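Here it is, the structure in full.
In order of appearance the chains are A, B and C, and numbering begins at 1 in each one.
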Amino acid sequence: MLVQQLVNGVSLGAIYAVFAIGFTLVFGVMNVLNLSQGAVFMWGAYVGLEVVRTLALPLPLAILAAATAAGLLGVLSEVLVFRPLQRRGAHRWMGMVGGLALARILIGLAQEIFGTQVVRYPDNALAGAALELLGARLQLLQIVAIGAALLMVIALAALLRYTNVGRAIRTVAFSENVARLVGVPVDRIRLMTFFVSGALAGGAGVLWSLLFQSVSPFMGDGILLKGLTVLILGGLGNIVGALVGGVLLGLVEVASVVVVGSGYRDAVGFGIVLLILLTRPTGLFATRETTRA
Amino acid sequence: MASVTLSRRAVLTIGGAVALSGSAVFAQTTRVAKIGLVQSTTGGSAALYGIQQKQAIELAFAEINAANTLKDIKLEAIHADDGADRGQTVNIFQRLIRQDKVVAILGPTLSNSAFAADPIAQQAGIPVIASSNTAPNLTKMGDFIFRTSIPEDQVFPTVLRYAVQKRGIKKVALIYGLDDALTRGAHDVQKKAVTELGLEQVGIESYQRGDVDFSAQLTKIREQKPDAVILGTLAEEAAAILRQARQLGFDDKITFIGCNANISAKLFDLAGPAADGIIVGASWFEGYDSPRSKAFVAAYQKRYGSSPDIYAAQGYDAAYLLAEAIRRADDVTNSRLTRDKLASISDFEGVLGRFGWSADRDATVQPKVLIGDGKSKVFVAAATS
Amino acid sequence: MTDLFYAYHNVIDLCLLNSMLAFGCFILLGVNLFSLATGGLMAIGAYLSIWLTMQQGWSFAPALTAALVAASLAAFGLGSLVLRLRGDYFTMATLAFTEVVRIIALNWDSVTGGALGVFGIPQLTETWQLAGLLALVIYLIWAVRHSAVGERMRAIAADELAVSTAGHDVARFKLALFTASGAIAGLGGGLAAHLNMFIAPGDFGFLRSVDTVIAPVLGGVWNLAGPVIGASVLVVLPEALRFSAQMREILIGVTMLAVVLFLPAGLVGLPKLSRRRAAS
């Protein structure tokens, strides 16, 4: 049972991590908390579903399409909400409320277009396939989810470390003024960061709905809260922290079901956040915030 | 015959004229009974049940008006969406009663909303018929509150007894939605029934609305080796649980027993073959073999292009019950008289079967034990003997 | 006329109640604190007050007072722990508090009835009480803002560091404000519980906290009319948009977004803006 629960926790946590990394990236680079991220996640899931269902394209292409569409939604949130607010020098809570408003619009549109019913991805070769390992059943889908999550994280790390765009992103994260001085096209880099962040959310959306077979306009609300939790666990703006924090939250949730009882599952996650904040006021793996604040 | 045709045409003319110039002009020829229809069409999963009821009730009114069942009385539904938000339900009830001056109200969608809003109707003397509230004690709020949605405690004990008899169940585990009044209410009834039958309860797990990952809870349950898993869940959640249980290697010997809310085509859409063999109890199911029910399913499908669920059926019967009460009262404004006539209906032939009211104004519908057929995606009546 | 009043009775009540709650967030926003603790603090006030009126036979006024005191104490305790957190960390800690309270309420059946909630709560909250208490809250905040304390509030909002280096204890000042906001939330919780005859833990979660803090942001954070306008708009908007059930969500979102984008001072800035437009 222990091995099975570990598998459960890690595969859940891997998706939390992908979502949270997109979340934390925007925070780390631009000091923006984009609360429309949950709705972007949901749209990613629907785009993937439509691609699989109506265009009958294979799964990897669906993930790609979903990530691209969600990335564009990320870009939209920058152009529509965050850039104008930043230009105006608006208070950061304006951005938070703006993000929530955008989320409301996106959820409303999804209800209009896709209806309010819960739907799922059509059955495919992946579903149901499983292998026995140390007395646990490891579903192929779980392996795919964990693998895809790792792949996305590695791709992001490589992008940030080895490419010009990545270097530029890191410069903007260090300071927008410095970036401007050394000739980095800050506006374009911001757009790209929002694109990558949205794409990660959309990719997470497809993985999530594949694994749990559930797509609905409201699916982003829950993950938004989880994402915020991971953000704090890992330290705002800390990408490695978000990866570790995501997996950690998955494991903590599973452990709380086993040890404390499922009625307190979410309370344990939030309780740990409170405890961590009280002992380490900037999260478990705090690095970024010190340079930000 | 000719006169019938004439009056139909007259109705059509009136309908057109009403739309153009307001109802006052024709008040003498046609009386309009205004009925509040409070169903959530937005606001998350509540909208699933709300839309079905709204559609079924509007279908019923259209049929009744077209058939001239109430002679010169026309039924007019005033629909308002409460967004599954209780504050808004109260707003709507007050407006319907004080401003629109409705004679009765059908709804609201959620039990929680009913607990806040029904007392307003009770105070004002406006009858309310609920068709999806299943919380215990709902109709105890007052003698103006009726419901066609039968509460879980009228259904589940029968279902569990059937399962114990047929499958020899001794050890059970329960899983339910912690933060939803409907699933929590179902769970309380289920737990009580388990105790009363003297079954061994090996575990209780819960989750919260919006959760889609049940693997941790199910892994724990599998370890406790129950003969049956009892679901206090909504249909979507039941589907996910069934699916994930199979993926985790639950074998076919473990029986799943569901609740009222699981009677939905959605269960099969989402769970597929994993829903095979699930035992549930309900007041109605799509394949129910009665002429009235079959006619309803056909009419609903024709008008909306989709299948009605149990809430639609209950809403449809609520609409016809109210129409019958208005017919007997022969009055479109006297809500107290309408209430008394409604209470006096004792032998109603509805989609749910033949029923009347209990002392607490709950519909006395005979529960049906059903078994899921995952391949044909339908529920079939269990052979009770 | 009376019928018209009764038709919109609850709308009026909710406007008054939510305006009052919004002031709890308003005073915190004034010193740069974006708190999501409202839901949790309200829950404490609500459950304590109904336990007192329904189980202990207390009358309404003392029960409300107890709700106010209990929530202030809770806010004091929470504030002493989390006020040293910065910015978004503070916001997250208050959100975690609200969610933990909600989940405890869900599991604590004997007091809260779990998800089934508590029904049959006596309807003791009257419109005039809501109006009177709202007026009182506004007066108190007005009086404070026009005193030396108000000066310091504005100074903290402008430059916290400068105020603390000038030898003022910013932390204690913030704690006092947070406690006051807890008092408002507790009072609001007690009033809310006795308004609609029914409460359940879901009434006091993330959404409640977000709605309450959004109200002053939409209405205007620097003007005493802001919370009232913001909260009232958030209550009335869903009613006004009822003509279009499906588009409603989208239109509410669009309205919120438009305010954020085009009205830097919130809805209170609307007349000024339109006057400027007319002049130019």
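The definition used in the following text is that a contact is a pair of C-beta atoms (placed from the backbone, for glycine too) under 8 Å apart; a residue touches a chain by one contact, two chains touch by 3 or more.
The structure presented is a predicted model; accordingly, all values stated were derived computationally and were not measured.
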{"item": "Pair exhibiting more inter-chain C-beta contacts, A-C or A-B", "value": "A-C"}
{"item": "Chain located farthest away, centre of subunit A as origin (C-alpha)", "value": "B"}
{"item": "Geometric centre distance via CA averages, subunit B-subunit A, whole Å", "value": "37"}
{"item": "Inter-chain centre distance, subunit A versus subunit C - centres from mean C-alpha coordinates, in Å", "value": "30"}
{"item": "Junction residues of subunit C - those touching two or more other chains", "value": "106-107, 246, 248-249"}
{"item": "Contacts with two or more other chains, residues of subunit A listed in rising order", "value": "111, 263, 266"}
{"item": "Touching two or more other chains - residues of subunit B", "value": "42, 178"}
{"item": "Interfacial residue positions of subunit C with respect to subunit B in the complex", "value": "3-4, 6-11, 14, 106-107, 114-117, 119-120, 123, 196-198, 200-203, 235, 238-239, 242, 245-246, 248-249"}
{"item": "Partner subunit A, residues of subunit C touching it in the complex", "value": "29, 34, 81-82, 84-89, 92-93, 95-97, 99-100, 103-104, 106-107, 206, 210, 213-214, 217-218, 221, 246-250, 252-254, 256-257, 260-261, 264"}
{"item": "Interface residues, subunit B side, partner subunit C - complex", "value": "41-42, 79-81, 83, 85-88, 90-91, 94-95, 97-99, 112, 115-116, 119, 135, 137, 141, 177-181, 183-185, 188"}
{"item": "Contact set on subunit A toward subunit B in their complex", "value": "1, 4-5, 8-9, 12, 111, 116-120, 123, 128, 130, 137, 139, 208, 211-214, 216, 218-219, 221-222, 253-254, 257-258, 262-263, 265-266"}
{"item": "Residues on subunit A engaged by subunit C in the complex (per definition of touch)", "value": "33, 80-81, 84-85, 88, 90-94, 96-98, 100-105, 107-109, 111-112, 225, 228-229, 231-232, 236, 263-264, 266-267, 270-271, 273-274, 277-278, 281-283, 289, 293"}
